[in-house]
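Presented sequentially are two complexes of chain A, the first with chain B as partner and the second with chain C.
The block that comes next holds the complex of A and B.
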């Protein structure tokens, strides 16, 4: 099952975590306490030029080892333990740490890929997990219900202009801190409700582009696919969505010629990137994307036969995307507009732009 | 020297009471196993190949074929077959010829692979309610798609290579006119058109009658270069260079002059009655760069409008060879496993050379991925595909599509009697004799092959639906949806598949 919720203020106004916590908690029935998490954008305005690495340490002693490893690759501007408090039901499996880093000058041309490589290297060591690596953003996740995880991380202390939340009901892998959502890479974070039947195909496709999957869960591939399509291959959001949830060949045949040529080319080229199985996802991106002005986007998308729910709503300059309308209504009594996006069609909210 | 020669394999049993002496069986037996003697049908068991023609033609169901009741003394190593072969060779002093595929290795890895299905957490998809797509494009794919903004609209900047569009991921293999009859060739071509897939011309050129179907025919260029001319290359849907085939890796071909009839001579462009010899290697290919030249000149000759495929037998080093072929510019690689069929091959080669398609396919797919060139070529697997389960498993291991040969012939009436090399096929398939050929109706045959392909497509959709997948590209290379059962650790590792239960 799983529950997902995303809230974004299109004018970039910061708001407290309480809204998203309240909304996601309403859907606790969709999860079982084996994973909850949040992504927040606009967290670190003071350090917005640095990559903020949120790292889960299996053992606090690993911190020195990770620091050494980081020092080989990047300049560490500042690091600190991410403050937590004890929450009864959450086992203390990991110690979360944050590092603000930048890339040595000779690598600045390719800084993003450099950071991804570094994150994948750290993840493959086993004891430490980079759970987010973007600028001015961060991911907080653990075992537990989402409200418990929020308590653990003292999220009520944070403000952001864009929030994602997830409550997990693990079906294909065990519940563990790393397996909780969001999955994040650079500025992209993703929360996913569903099960990916094409995981093996997607994973092997991504491997041939240098991505390594290390979280033992299907949802991870979504974050990498989005990174590959949108950041590396520079596809507009709308077309990247057509890759994840492509139209049927029969529909493609009825398209106007130029459109048809593009969609055919995408399906032929990115067939292995198609995500099969039921899904509802919300993807947040903290930077300006190809063909998109502004400082961020939030995209909601469901599979092409809509086997998972996705509801969107809008109130003034705020957009909501959720598994259930009730979660939206819990934090926004009278939205201007509520709608169910069509199967496979993306809903895009832009920061400093229009929906 | 008097010597016990060999026990016949079969016994023809005729129910004398039921027989109404119509002689139909005698007319139908192309192997001369039945004769009219003393006002009754007499059977010569040693000539019977159990092709079932008489059985199916008898109006009274009076004939039955039995395995020979008389047996040799059993020996686990000196099997009857082993002894039979020695007897034969001590008489003839010649190579043993064989047809169809490998008989020595019974184990099929596909049978030890299990497919997955959805339960609870994930809905299975009902193919009767939801569309499930099988369309497949064979050919080189770009590594990424580039777009260009033009005012408000975007345009495609990337140029796509020519690709073969298949409505189902099942193609009909290369079988030459000459090895099989014109009627069989025509039936296969018609079936390919009916189901939106392709058949292969084989290496014997194309009879004029087949040209109307040529946009569904992959024209082959083999070492003998029979029947290759500009119009032939241009007519085909794609061009396939044959380097080797699974039933006889490293071995050429020989169609005896007696089979080179006027029509075959025309299609092959060789004199009537001349032996058609395909050398073992292409005489202009002694290394990989020569192959690259041939691939390029074929592309040039077809004005870069047709994909060029290269077919090889699955030999030990198949992964490295495939990487070379991919880099030589082939748009698709056809890998023919060691169980692949043929009309005629030395038995010792058929049974002992090459490796199973499952392992070859898995290692080629993995190798091309590791080198980051998997998108540059399609992989087509052949040699053992017996049902839609094999198709699904081959695709999950990494194939873009599969080719079927024996299965298509069985649909035409072949009973796998393994006597294609005699040219006396009682079912009008592997023969050029007019009377035998007339037994095969191309239209009816096409319908049967088309039915088979349709049935497998429906089953494939059921398999996909059960796995919660609504398009074939999400099964491709999806080894997570396979489990090995009763396979050893090394085999599993090569297949990239987890053992069942894990």
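The block that comes next holds the complex of A and C.
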């Protein structure tokens, strides 16, 4: 279960949230109202040089405590409550707040890792959760169906060039604000349909690199794995995808020698980063990746034996990735091209680049 | 009779279809269909249902008799456990098409997805048939117990792919898959092997393709003017030794 949808304009043109809301809502049958969320890129052009921290506060009084903590580590340029309205079915468990911050000068050469460490510190306080921490982007999530969550956050006020959306149907852990998708760290956000049976292995592997899992749900590891593989270890998207969804050994044996050597090396180096179990995911990245031109990427990927659906489509300069074709057709009646990517092979859309 | 599906919930749309059928309507056209699940499920008798748009998952599930034509692509689970009738898809089919199908026909103009024909079976005179004009994904005919699957590889909307995916006919113990052209042995899963077509096979395949070509306006001779490969089980009990000690 669960529904996923990503829409990206490759020329970086901003478009309203209404498209992503309409598309994701068409798949309400795939979720049960226990989690909905969105990631949006291009949100804060005025503050694009600052890390935008979206923080869920269990209690609004925690705000001062979090502010004090932030002041110890970063410069706060501006902060404000993220506007919400009452939505009947959504319990007001958290107050969302945004902080625009930058890193003190002596840490700027390792600013990204510095921000991750800070986010992990705040998450481990128990009452506050950093749900996104990238620049010029943000995550909005809560309990509820996706359209209810959109209403809660007044998303129709926002425009972005890249959107992710998720409707949750929790199967193994409880539904709560933090457990809704997307999961996000720095400029990476991820929406996931499926379940990760290798969660324990992945979690321990990530802990050895300083990541801490605090959302009580499997999908969280995907955001950190992508950050580790693509940003820190600088793997090309295609190889990072081979790590998450590697070919079987019998397939590797049939590969040409050069490729076989690469894939074998990846399996040996990143064995504990392999993601086992069914998944369909869409990953958004807001900054240019190593070896990739442009200002962002969207990647769609399914597990290596395709136990979850993923359909892609393209119309002019816009690319769509979804659990169901009908979600795309709801917002784009006549795509130029609709296709089902092969299992374990990434579909990549680049902002200012080619698919 | 014409029904505009537009943004109707599937429960409402299917209720309207059911009411019409109860009232004796034998020909229905559903327009602006987008994502509505379970269309034509459990319907019986000689109905004709034309669908414009993208019908949702489990189209024609448990269907017994009607002819459903989709002018567009279908989603996952077409013809799930259907008993008889015909589903014609003018675009692509997706994953688990023909899942546990036990009779009737599914004709797809373009590609089909993963696990097509999984668990399909024959019962007495009921022989389920799937024909894909394009390519098929991995695990085609997985645990197949009966019936016929034909993959032509003629129309291909996927960006790149071979005519068959990997692990074809894994665990197959009945029925046959016919592929237009040669098949690399490495594509086959455990329990299946390649065989030359017998005269009976050729007659059966040609008979089905004649109907398929009529439906899509294709030239039969150019479709059958190629070698076909037959994939069939090596044994009726491929896993006999797995759970029992004899």
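Everything below uses one rule, namely that the second predicted complex is superposed on the first by the 355 of 355 C-alpha atoms of A that agree within 3 Å, B and C clash if a C-alpha of one lies under 4 Å from a C-alpha of the other, contacts with A are read in each partner's own complex, and residues count from 1 in each chain.
Operating definition for what follows: a residue touches a chain if its C-beta (ideal position, glycine included) is under 8 Å from a C-beta of that chain, and two chains touch if they have at least 3 such contacts.
Keep in mind it's a predicted model, so treat the numbers as computed, not measured.
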Fit or clash - chain C, chain B, common chain A: fit
Chain B versus chain C as contact partner of A:208, first or second or both or neither: first
Which of chain B and chain C A:199 touches, first, second, both or neither: first
C-alpha centroid angle, chain C to chain B via chain A, nearest 10°: 80
Which of chain B and chain C A:316 touches, first, second, both or neither: neither
Partner chain in contact with A:108 - chain B first, chain C second, else both or neither: neither
Which superposed partner A:75 touches (first chain B, second chain C, both, neither): neither
First (chain B), second (chain C), both or neither touched by A:305: both
Which partner reaches more residues of chain A (counting touched residues only), chain B or chain C: B
First (chain B), second (chain C), both or neither touched by A:236: first
Smallest separation of CA atoms, chain C relative to chain B, angstrom: 5
Shared chain A contacts, counted only where both chain B and chain C touch the same residue: 305
Chain C contact footprint on chain A (complex, rising order): 26-27, 29, 251, 254, 305-306, 309, 311, 324-327, 329-330, 337-340, 342-343
Residue ranges of chain C touching chain A (in the complex, touch as defined): 10, 34-35, 37, 53-54, 56-57, 73, 75-76, 92, 94-95, 111, 113-115, 137-139, 157-159, 161, 165-166, 186
Contact footprint of chain A on chain B as seen in their complex: 118, 120-123, 125, 130-131, 133, 135, 137, 141-145, 147, 149, 153-156, 158, 160, 163, 369-370, 372, 374-375, 396, 467-471, 473-481
Chain A to chain B touching residues, read off their complex: 171-172, 194-195, 197-201, 203-205, 207-209, 232-236, 239, 246, 248-250, 258, 261-262, 265-272, 274-278, 291, 304-305, 307
